[in-house]
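Pasting the structures in now, so scroll down.
In the two complexes below, chain A is the common chain; its partner is chain B in one and chain C in the other.
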Partner chain A sequence: MHSKQDKKLKLLWFQGVTCNGNTHSFLNLPNIEQLLENFEILYHPILPSIYSLEEILKLEENCDLFLFEGTYDPLMQHNGVELSKIVDYYTKHATHVISVGTCASFGGMFKATAPERNSGLIFNEEESFGPLLEQKQKVINLSGCPVHPEWLSYTLSMIVSDKEVEVDELHRPIELYSNLAHHGCTRNEYFEWKVDVDNFGEKEGCLFYKQGCRAPMTHASCNKILWNEVSSKTRVGTPCFGCTEPDFPRTDMFSTKTNMSIPQDTPLGVPKRSYLTLTGIAKTFHIKRLEGKLIDYKTTR
Partner chain B sequence: MARVSKEERKSGIISAALKLFSQKGFYVTTIPDIAEKVGMSVGNFYNYFTSKDLLAKELVLYISQYLGDKIRAINESDDSSEIKIQKIVTMYFDMATEKPEMIEYFLRVYLSNREVFGEGCEGMTCVSPFITEMMIFFSDGVESGELHNQDFFSAFGLFMGYLGGMVFLFGEKILPDPLEEYKESISLNIYNALKTR
Partner chain C sequence: MITKQLVDKIEGEASLYFELEDEKVSFATVSFPHTRGMELMLEGKNALDALVITPRVCGICGHAHLMATVRAIEDAYKNAGYEIHLSEKVELLREFTLVMEMVQNHFKWMYLTIIPALSKLTNSSQELTPLKGAFAASIATKAIATFAGQWPHSSYMIPGGVTADPTNIDILKAQSYLSELKTFFEKESLGVSLEDFLAFDSCNDFTKLSSDVGALNEALLKTDMHIKGFADDTFIVLGEHTFTEVTKLKHTRHIGVQHKYVSTEPSYSPHEKTYAKNALYKDAYYETGPLARSLSNNFAIIKNIHRRYKDSAYSRVMARVFELASLIQHASSLLKKLDIADTSFTKSVDISKINARGVGVVEAPRGPLMHTIDIENGVIKKYSIITPTQWNIGSSHKEKPTPAQRAMIGLTKEEANFVFRTFDVCSVCTTH
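After this line comes the complex of A and B, so read on.
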């Protein structure tokens, strides 16, 4: 007989077409045990759960929170039960639905397995599309490939505290996604003075001009809420791939798309003309301190 | 008689200085020469520009802004890149014909006396309005699929080096015909060299 913990919110985590990346990312949350004490976990593909997959597929229980990981493919089946039926059943009574990761939010990486029918729960990239359009007010999109565990923790904590999670036009919490990945980047001085980096893993230099970094146009707080509490892609010398945005994944993610040497996309909200004016002038000046290894720069003569 | 405003005076100095610098050269032209041509005292001249170097930089900015504004208007039209090229060539040659001192100054003073344009005018600083609009022109052309994607300076050199060279030949009275006669063929050459293959 299953033990039921009264008054706790009932959480059900279900998967569509997925690599399990969000599940694994969530396991890195330092306070995962304390957080999950607030919930009754009906089902999770990895965490200890009250019900087995077979029991969940009988479609007899109800949950308060339905967390969905992976791309939504209406024809996908779990033990002979169509995903569309499963999602339809559990979301009907849930007060909150969380799309965990970019696949569940916008289609993401696994949209490619069947692009004509796969999508997120309420978006196909930026277009309104998906099985939950009629109840989209209860859907919170936590995009990211994978989602940052702290972003999921924040959202779950807000729901447990019965606080409203304000979302943007793509249903992402504005508290987490109003920032750009550029904010807090330790390479910002190099961005300002237009000093490029030629290789990955270098501590110095900006990754925007050659390496395809999307941080100045990507809504994410990766450089404010650090990964594993210590780092981020740009901090270790890898470009931001813009994985929280609806157009992820793009092609050629390790190179900056340029037209006649000019970046095709400019930082969010910055007109191309203004950007080029500033860039042209900044590039004129050579700041010796920024051209070599910082550790080699002599501060005294 | 209407009083001449300070801005009009300044504009008069710029116009006179452009002519003198481009005709006589930067070093030979003196502040008294410029003051005399404008009809003001040398002392009064310094109320407008505190040195000849500063005036020289102001002139480059003035020309760059003038060219930038003209190209911006072309960039903001719905024309194809081919038509935009024709318009830029026409604008440039018309300017070289009607206001030869502006192009002459650019070619014979700015590009030939780089030592004057060091501090405060480094690199693209003083020519930014012009260069920025050329960047927009090229970038839009590639984005619309009309122009071949290549290095900016390779394309810029081909376009502006060509025009500058023709104006130089015109200034040296080597060209057998007026610039007007070359607009069409040069526009076509530039377009053929830049278009998508």
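After this line comes the complex of A and C, so read on.
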């Protein structure tokens, strides 16, 4: 009997219209070496691969896992071979297809390069669309701009151990995307008591009210599984831009659209009227501890 | 006869078209077949949105793009009559995260690009250790994320400062990543202490090393890379930083520069459609990157190498390795100067009040990166990006070759492919 080690899964990482951000994000993975031992890398845009790009473009080999990074543009060519042919050929034989990042999942940043034809593999933003609709049960979307290395590691490990990856309606693994980016944000208390902030560069205050933070409406585990194992956007005072959602990139990303000084988009699933009432009440509280500085270096010196 | 070579693993792809005479390259042109139209994408957007969009030009040097954007917007504020004051802490934090991005780049280039390429050229059977590069880079990016939240694709620099308000805990954490990185570099790459390595003043000192860097030095000499891959021996450094001297160099002579003389022209690419443009200064091409920066800084060892081997492929490679060492040390000195009580952000007028042009220039891992933004009532009217690879890897006519074109002449196809990679090519940046 053959053990798993004898038969490594064949992995092919291929790119559409991309910035390489997902490739580099993946290289941050602490256990990358151990994880990659489970695979035969037929091709990767940076890592040593069994085949050259020219050989891969001959469309002769088969892969088990097809990882696609970047926006799908059917007219894009690699060395004269159309991307549509490449994707068609390799996905037919693959048992799993992973859209690595928001571009491959929903079109993302580089949908704007050719909006009339560019999309993700099975979605154009939220609409069902793309080259793999007929085999969409194979597709796992790992949205994020870029993908978080641990999210990809989780998905690959689940596949290696032959476990089912349950996905949401946008084909994202529920174990990774049932959270909101808001969960685990270190500014949660300011959100609870509706304490906003006027300026950037402060530890205090919630960025949802003025700075455009999308964390309460964004499915992502950024504040649970930290970036580079150390931090996240909101932890360093940068608003969440909602980069895991189909509508990324939005516009006016550093400001919150408001109606009567209340955010126009309320936290996911919270009725607008209730939110308004709650906010109205919370705003009448004056909680001194939350209005001052957490640490005042100038006076503690 | 024209021979095409597809080059990959250069942050995307490029095609080299060689004219060969007696198996040697007599002329080469370069085509970059993909583009994303990022400049057009930015038009009509709120100028601040550029802080989210431009880092996505490039997965490996997006932080440099972020800094070029923030500098461009701040310059537009200034030109609109609203001078922006940056605290010393802001300058130091921005500089630190930019430097650490260069560090991760150089590690990856060394272990994932240049050592494997050289090994292929020499048919070496030595086992490769590409993941050493990824591991070291991942420590460098932890240090970035400590202040910038994440890497890649942080947007923590904003006009007037940074979004972060770090504590001493963060600074200590960054220092500890840096010392972990230093130890790794000493043990795994150098074989001597960083301080000893930085004290080298002759390239003969490299021969004493029995380490990855020692082996790299030996393989470069064995393949005659010290007498191959010469460009024009002219260099340019445009980004103002604590670790650069803004200048252009003809051989070793420094000449003052102003970014207003930078321009672009369409690439010459007769065999394939290219989306690249060549970058020029007063109508001439210049080499950019670590060799240019090290020469402008008058590093003793780089001057020694340059005296012997000019701007050969050897000099280009070893300058990048040496810069890696010097940047690790520099990053540590930046952290030491951080005053935690300093302000992170100074508010200015709303972006909608701004009607002006701004230019932001930084040194990215591969050389000068220049962003020009035209803002009308806070909205981007026009955006232009000129990247380092447009300087190094232009494609022009026979009579006026660019640095990379010149460097490939007289070499075999295999050698030319290697020399091409010594410039640390970034395909996605080139066409953006």
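Just so we're on the same page, the second predicted complex is superposed on the first by the 289 of 301 C-alpha atoms of A that agree within 3 Å, B and C clash if a C-alpha of one lies under 4 Å from a C-alpha of the other, contacts with A are read in each partner's own complex, and residues count from 1 in each chain.
Here is the rule we go by: a contact is a pair of C-beta atoms (placed from the backbone, for glycine too) under 8 Å apart; a residue touches a chain by one contact, two chains touch by 3 or more.
Source: prediction; values computed, not measured.
> Chain B versus chain C on the shared chain A, clash or fit?
fit
> Put simply, what angle do chain B and chain C open at chain A, by C-alpha centres, to the nearest 10°?
120
> A:Thr18 contacts which: chain B (first), chain C (second), both, neither?
In the superposed model, A:Thr18 contacts chain C only, not chain B.
> With both complexes superposed on chain A, which partner does A:Ile262 reach: first (chain B), second (chain C), both or neither?
It touches chain B, and chain C stays clear.
> Quick one: chain B or chain C, who's touching more of chain A?
Here the partner covering more residues of chain A is C.
> Classify the contacts of A:Arg273 with the two partner chains as first (chain B alone), second (chain C alone), both, or neither.
A:Arg273: touches chain B, not chain C.
> So in the superposed three-chain picture, is A:Tyr190 touching just chain B, just chain C, both, or none of them (first/second/both/neither)?
Touch partners of A:Tyr190: none, neither chain B nor chain C.
> Would you give the minimum C-alpha distance from chain B to chain C, in Å, for the three-chain superposition?
In the combined three-chain model, chain B comes within 16 Å of chain C at the C-alpha level.
> On chain A, what residues does chain B touch that chain C touches as well?
Overlap of chain B and chain C footprints on chain A: empty.
> Inside the complex, what are the residues of chain A that reach chain C?
Answer in residue numbers: 15, 17-25, 27-30, 32-33, 36, 45-48, 52-54, 76-79, 109-110, 112-113, 145-146, 198-203, 222, 227-238, 241, 243, 249, 251-255, 295, 297-298, 301.
> Taking the complex as given, what residues does chain B use to touch chain A?
Touch residues, chain B against chain A: 122-125, 128-129, 131-132, 135-136, 138-139, 141-143, 147, 149-153, 155.
> Applying the document's contact rule, which stretches of chain C touch chain A when the two form their complex?
Chain C reaches chain A through residues 6, 8-9, 11-13, 15, 33-37, 41, 45-46, 48-49, 51-53, 56-60, 62, 108, 112, 116, 128, 130-131, 134-135, 137-138, 141-142, 144-156, 158, 160-167, 173, 340-341, 343-345, 347, 428.
> Given the complex with chain B, which residues does chain A contribute to the contact?
For chain A paired with chain B, touching residues are 258-262, 264, 272-273, 276-277, 280-281, 283-285.
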